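Two complexes follow with chain A in common, the first pairing it with chain B and the second with chain C.
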Partner chain A sequence: MLADIFTPDLFASAIRMATPLALAAIGGTICERSGIVNIALEGMMLFGAFMGVIGTMFTGSPWAGALIAVLSGMSLALIHAFASITLRTDQVVSGTAINILSLGLTGFLMEVIIGHPGTTDPVARLRPVFNITGPTEGLFGTVWRWVDAIVFSYTPIVYMAIVIAVVGQWALFNTRWGLRLRALGEHPRAADTVGISVIRGRYSAVIVSGALGGLAGANLTLEQVGSFTEGMTNARGFIALAANIFGRWTPVGSYLASLLFGFADALQIKLQLFRDVIRIPSQFFLMLPYVLTVVVLAGVVGRAVAPAAIGKPYEKG
Partner chain B sequence: MAELTRETLSKRVTGVLRELAVPLVSVAIAAAIGSVIMLVSGFDPLTAFAAMFKGAFGGGRQIGETMLRSTPLMFTGLAVAYGFRAGLFNIGAEGQLFMGGLSAAWLGIVLAGMPRPLNIVLMILAGAAIGAAWAFIPALLKAKVGAHEVITTMMFTYIGRYIVSWLVTGPLKAPGQIPQTNRLPVESTLPRLHEMLPFLTPSRVHFGFVIAVLLAMFVWWVLKYTSLGYESRAVGYNPFASETGGISVPATTIKALCISGALAGLAGVTEVMGVHLRLFDQFSAGFGFTGIAVALLAKNNPIGVIAAAILFGGLSAGGGTMQLEADVPQKVILIIQALIIFLVAAEQIARWVIGWTERKGVENAG
Partner chain C sequence: MDAKFRKVLALLLVFALVTVFAVGCGGEEEPADDDTGEVPATDVKAAMVTDVGGLGDKSFNDMSWEGLKRAEQELGVEIRALESNEIADYEPNIDQLANAGYDAIFTVGFLMTDTTNAKAPEYPDVVFGGIDQFFEEPVENQVGLLFKENEAAYLAGVVAGLATLDSDLDDRINDKNVIGFIGGMDIPPVEKFEVGFIAGAKSVNPDVDVISLYAGSFDDTSKGKELALSVIDQGADVVFAAAGLTGLGSITACQERGALFIGVDADQYETVEGSGDVMLTSAIKRVDVAVFETIKAVVEGTFVGGENREFGLSEDGVGLAPFHDFEDVVSQAIKDAVEEARQAVLDGSVTVPALRTEL
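Right, the complex of A and B next:
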């Protein structure tokens, strides 16, 4: 049975499942590094997922849909930025408002545009990037099956997430942009003193995180599912924040932590196929990612250090 | 002496009015933005709000329905407000509510045949206890390792929902096709208020409403006059100063989040004992999350929670009529709710509007 569970597609599915979490987690990393808490990633992802489907429906192109998803995430992010940076509102409360707004907007627009609540019709999806025919028989066939599944089987946003993690990691620690971003979250007053605009820096960080949240939503609807269902993000935005913490506020760390959650998700889906053998109710499998999140937070938080100025509004002195 | 009292009294009244100004103006702005959204989407906001008002307050049955829907919101609103007072954001009230509902659905059957007052008391206590227990691990993690309660209580909400979903489809499932528990015997239910107040007939509003209002007063008293309440507020206001002043921040954090969980658990208990008389997957219409809006609109004041819960209960009760008569999707209420949270939190916007209208008033008078 183990050979039936640990197949190439289990690992491929783990990487697919990790993608929306990783994108949102990296968004959380960038946002929190600038000193702004973003629990609105959940709402940005949901709005992106919805607008991606609507965009694809109206343009006929899932690429245009994905772009609209990104812009939609950014528009919600702009609200969060305005509230938490300009108005100095409590960032967690502003994030909650955006999450509820997103739930309401997607539900409302669903009935206005689609004409009914629940789930939309399927739309065109983004296709896998590669389509290579390799050997099918013998040892090479087996090796190729693994390589093909784990390396070459994905849709575009899955690869984008990996690139974003690596480039983000490099940029955060090796560029002037990264240094400034980290300064904003550690000691905004000092950053301000040496002439870095705290306001502008934080705005751009929040908006980038919104773009990543929107892209995560596009991955859900335009690559994984192919349609939108109300509330379909199911707290992924919150799990992503835990992944960001587990990844110690670094892009690659966020990606790897998301991989852990993605693997848990892939495994629970796989195990459900063996329900007749493993007599455990499906709800316990479905709970797994949430339980794992609590366990991970319990284990690492004390040792991971958050940016010092996180959650604190900045007032120019 | 009399002069002085009158002066303090009038000061108090202006003080209260000033306190109320921001929430009231915020609700008005949210309704205005909601109207614009309706207009843009091709609906008539006036018809919509008129239908909503009729559905919420148009008669005895409607008023009863508003009271019914405000009941769980008072409990969850109190839960979130108590947490906020102690500097904690219990975003997972929904999960504690689910566990409270679960305990009532189970215990109500176990206690069949016992006297009704005893059952009511036991079921309420058990629901509060399990609600507190469901908040305990997040509370412990917050106090010991600093894990953010927003993430952990949210995770526990999903875990709780899946547990309920498993139990109503499996071990606690009543015979038949529908995944739900057995109906509670009458001795394990809360009496309906129309038995005492006939003008509410035939609404389903139950005794839980009275419990919620009394509890709001009790929580207000606890926060204002007990050392428990004082410690919670002190830690919420300034944990460092509290620690220096001899209050244990971790212990207070754990206590406060568990009290918050207990209050949220009661929402589930009264929904099961008063409304559905059984448990199923979808027995809560997101009351835990709406509780956040209730608490914020009430500025975390337990007495304010009563009023804010009635407002949101009215929105919810009127939403159905609005959808039927004005054809506007009920989801618009969620949008208005989000806008209210946003505007109350970012109170500069409301203050700016108030200041602007006051300046206008002065100009017009001059």
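Right, the complex of A and C next:
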């Protein structure tokens, strides 16, 4: 039974399912580190997922589609930045509005561009980066099967997410950009006093988070499924926010937290295989990732401290 | 930026958002204006409220709409569809249609059972047809339209159970005796699909291992793909998905990992573009027939409510789609077995189980 659950595909599946969460969570980290709450990640992911497909449809290249997905996420982020930084509206309200906007806009554009609601036709997808033929027989065959599935089986954005987590972590804590970003979120007045532009810094942080949200959407449509379905993000943007908090507002932490959620999801799929043996309704397994989210947020992260100035609009002078 | 300008701008933004949102969720289909002149005149108006999957699900919402469109063409009925983006939309959508003078309203999907029960007594002049809904105590203007999904799935199970043994059929068939089932949510109509599929497969291949997984959602294509990858990883070479849009992700998984797929509700070979290379057949549920027949009864004044009607193989309410691209490779033995199973169900010598406890 254990050998059936703990297959190489379990871990590969966990990493695949963690990727959109992780990208959005890192986006959330960067945004919140600058002092802006971004609950619009869900909407940015959805819009990116949609525009990625549309972009691929018109250019024929999934790479161009992914770029358009990133730009689309950034454009929604620009609205969020304008509303919450320049107009100083409540950041949660602005974020909610963008989530609703994205749901409506993708549905509307489906009708206009595709001509029918529901799902787009399939488009070209980004292919796995590696395609190595290894040994199939004996001990080496078994080892290679694990290594190939867990290390070499992924599409480009999955690897990008890992690189972004590591580089983001380094940049946040070791570069001038990172120090300034953190200052904006902890004490914007102090940052302003020493000549750091709060407005510009926050704008760029929000836009970077939009880019990552869009990339997460591209992962869903251009790597995983190949077509867009209305509402297909299914609250992944909100789980990503939880992952960001669980990861204590750090990029690598966000990635690892997402990986935990992805693993919980992959594991519940495998556990369902034994519904007949364990005799538990499928709903119980489906609940696991969400229960984990609640437990993690309520208990384990108890001491995590958010950036001090988070959610507060900054007014100069 | 002064305060007044900010206020105006904020108002404008809100207005823009509300407009887009309204357009997005109002999503209504206007009847096409192609008057042929031959359509008999009737002033009956019929409408549907979709489940959260919405139009374009290439599944039962679209099939209901097909039934309405047929009523428009053949009976001259004025038609309309309102989409529900979330469960909270059911009630206002029904109210809107009832108040707009629609004579028949179809509420599509098991999840709308309670809402339909609450609304039918409130609008006694409107006929309510509840797709996939069983009513304990239906009122005179209310009819439950149910399907014997298990009978369609039984035939699909016969195909899958034999196909997984037949390595001549396709090189994607492996030597493991495993097939897979992907369900959307674990609700009665989906359970009937699952149970019928298992019963059909076991009837021709008692040793077959049927792996069933549930997604918990009808619109998570990405999850549908992961679930299918998982059953294929366990050795399944034929995957049947009764999962709405979630199942579209399962098709992608089959294409990626080399497995065959069995569609659901509609003939998905026709409705899902580019799926022909894996689409072995589909377990069809003729929601359109149930909708059309009900409207026809309303138009002709013969409608009888206060009951639940079941559409099975004998009513032509469910069935199996053609093999399409696999027509020439599916062996005569499989085709004969399907025909034999169909006859056995029709003449009553086989009663297909509908509940897991009956397996």
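Following the convention adopted for this analysis, the second predicted complex is superposed on the first by the 301 of 317 C-alpha atoms of A that agree within 3 Å, B and C clash if a C-alpha of one lies under 4 Å from a C-alpha of the other, contacts with A are read in each partner's own complex, and residues count from 1 in each chain.
In this text, a residue touches a chain if its C-beta (ideal position, glycine included) is under 8 Å from a C-beta of that chain, and two chains touch if they have at least 3 such contacts.
Remember, it's a predicted structure, so these values are computed and weren't measured experimentally.
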Practice prompt. Based on the superposed arrangement around chain A, label chain B with chain C as either clash or fit.
Written response: clash
Item to complete: Considering only the touch criterion stated at the top, classify A:R275 as touching first (chain B), second (chain C), both, or neither.
Response: second
Worksheet item: Which partner does A:A124 reach: the first (chain B), the second (chain C), both, or neither?
Response: neither
Worksheet entry | Touched partner set for A:V92, first chain B, second chain C, both or neither | first
Worksheet item: Taking the superposition as given, does A:V147 touch the first partner, chain B, the second, chain C, both, or neither?
Response: neither
Worksheet item: So, A:A83: does it touch chain B (first), chain C (second), both, or neither?
Response: both
Worksheet item: Touching A:F108, do we find chain B (first), chain C (second), both, or neither?
Response: both
Discussion item. For A:L179, using the defined touch cut-off, is the partner it touches chain B, chain C, both, or neither? Pick first, second, both or neither.
Written reply: neither
Discussion item. Per the contact definition in the header, classify A:I196: touching chain B only (first), chain C only (second), both, or neither.
Written reply: neither
Worksheet item: Given the touch rule stated above, what does A:L256 touch, chain B (first), chain C (second), both, or neither?
Response: neither
Worksheet item: Considering 7-15, 169-177, 331-339 or 349-357, which region of chain C has C-alpha atoms that clash with chain B after the structures are aligned on chain A?
Response: 7-15
Discussion item. Taking the stated contact definition, name every residue in chain A that is touched by chain B in one complex and by chain C in the other, in rising order.
Written reply: 83, 87, 89, 97, 100-101, 103-105, 107-108, 110-111, 117, 234, 281, 283, 286
Worksheet item: Across the complex, what residues on chain A touch chain B?
Response: 39, 79, 83, 87, 89-90, 92-94, 96-101, 103-105, 107-108, 110-112, 117, 234-235, 238-239, 241-242, 281, 283-284, 286-287, 290-291, 293-294, 297-298, 301-302
Worksheet item: chain A touches which residues of chain C in the complex?
Response: 1, 6, 9-10, 13-14, 17, 20-25, 27, 52-58, 62, 83, 85, 183, 186, 211-217, 219-223, 225-227, 229-230, 233-234, 245, 248-249, 252, 273-274
Worksheet item: Which residues, counting only chain B, touch chain A once they are in their complex?
Response: 37, 41-42, 89, 91, 137-138, 141, 144-148, 150-152, 154-159, 162-163, 165-166, 169-170, 289, 292-293, 296, 329, 331-339, 341-342, 345-346, 348-349
Worksheet item: Given the complex with chain C, which residues does chain A contribute to the contact?
Response: 4, 7, 9, 13, 16-17, 20, 83, 86-87, 89, 97, 100-101, 103-108, 110-111, 116-119, 121-122, 220, 224-227, 229-232, 234, 265-266, 269-270, 272-273, 275, 281-283, 285-286
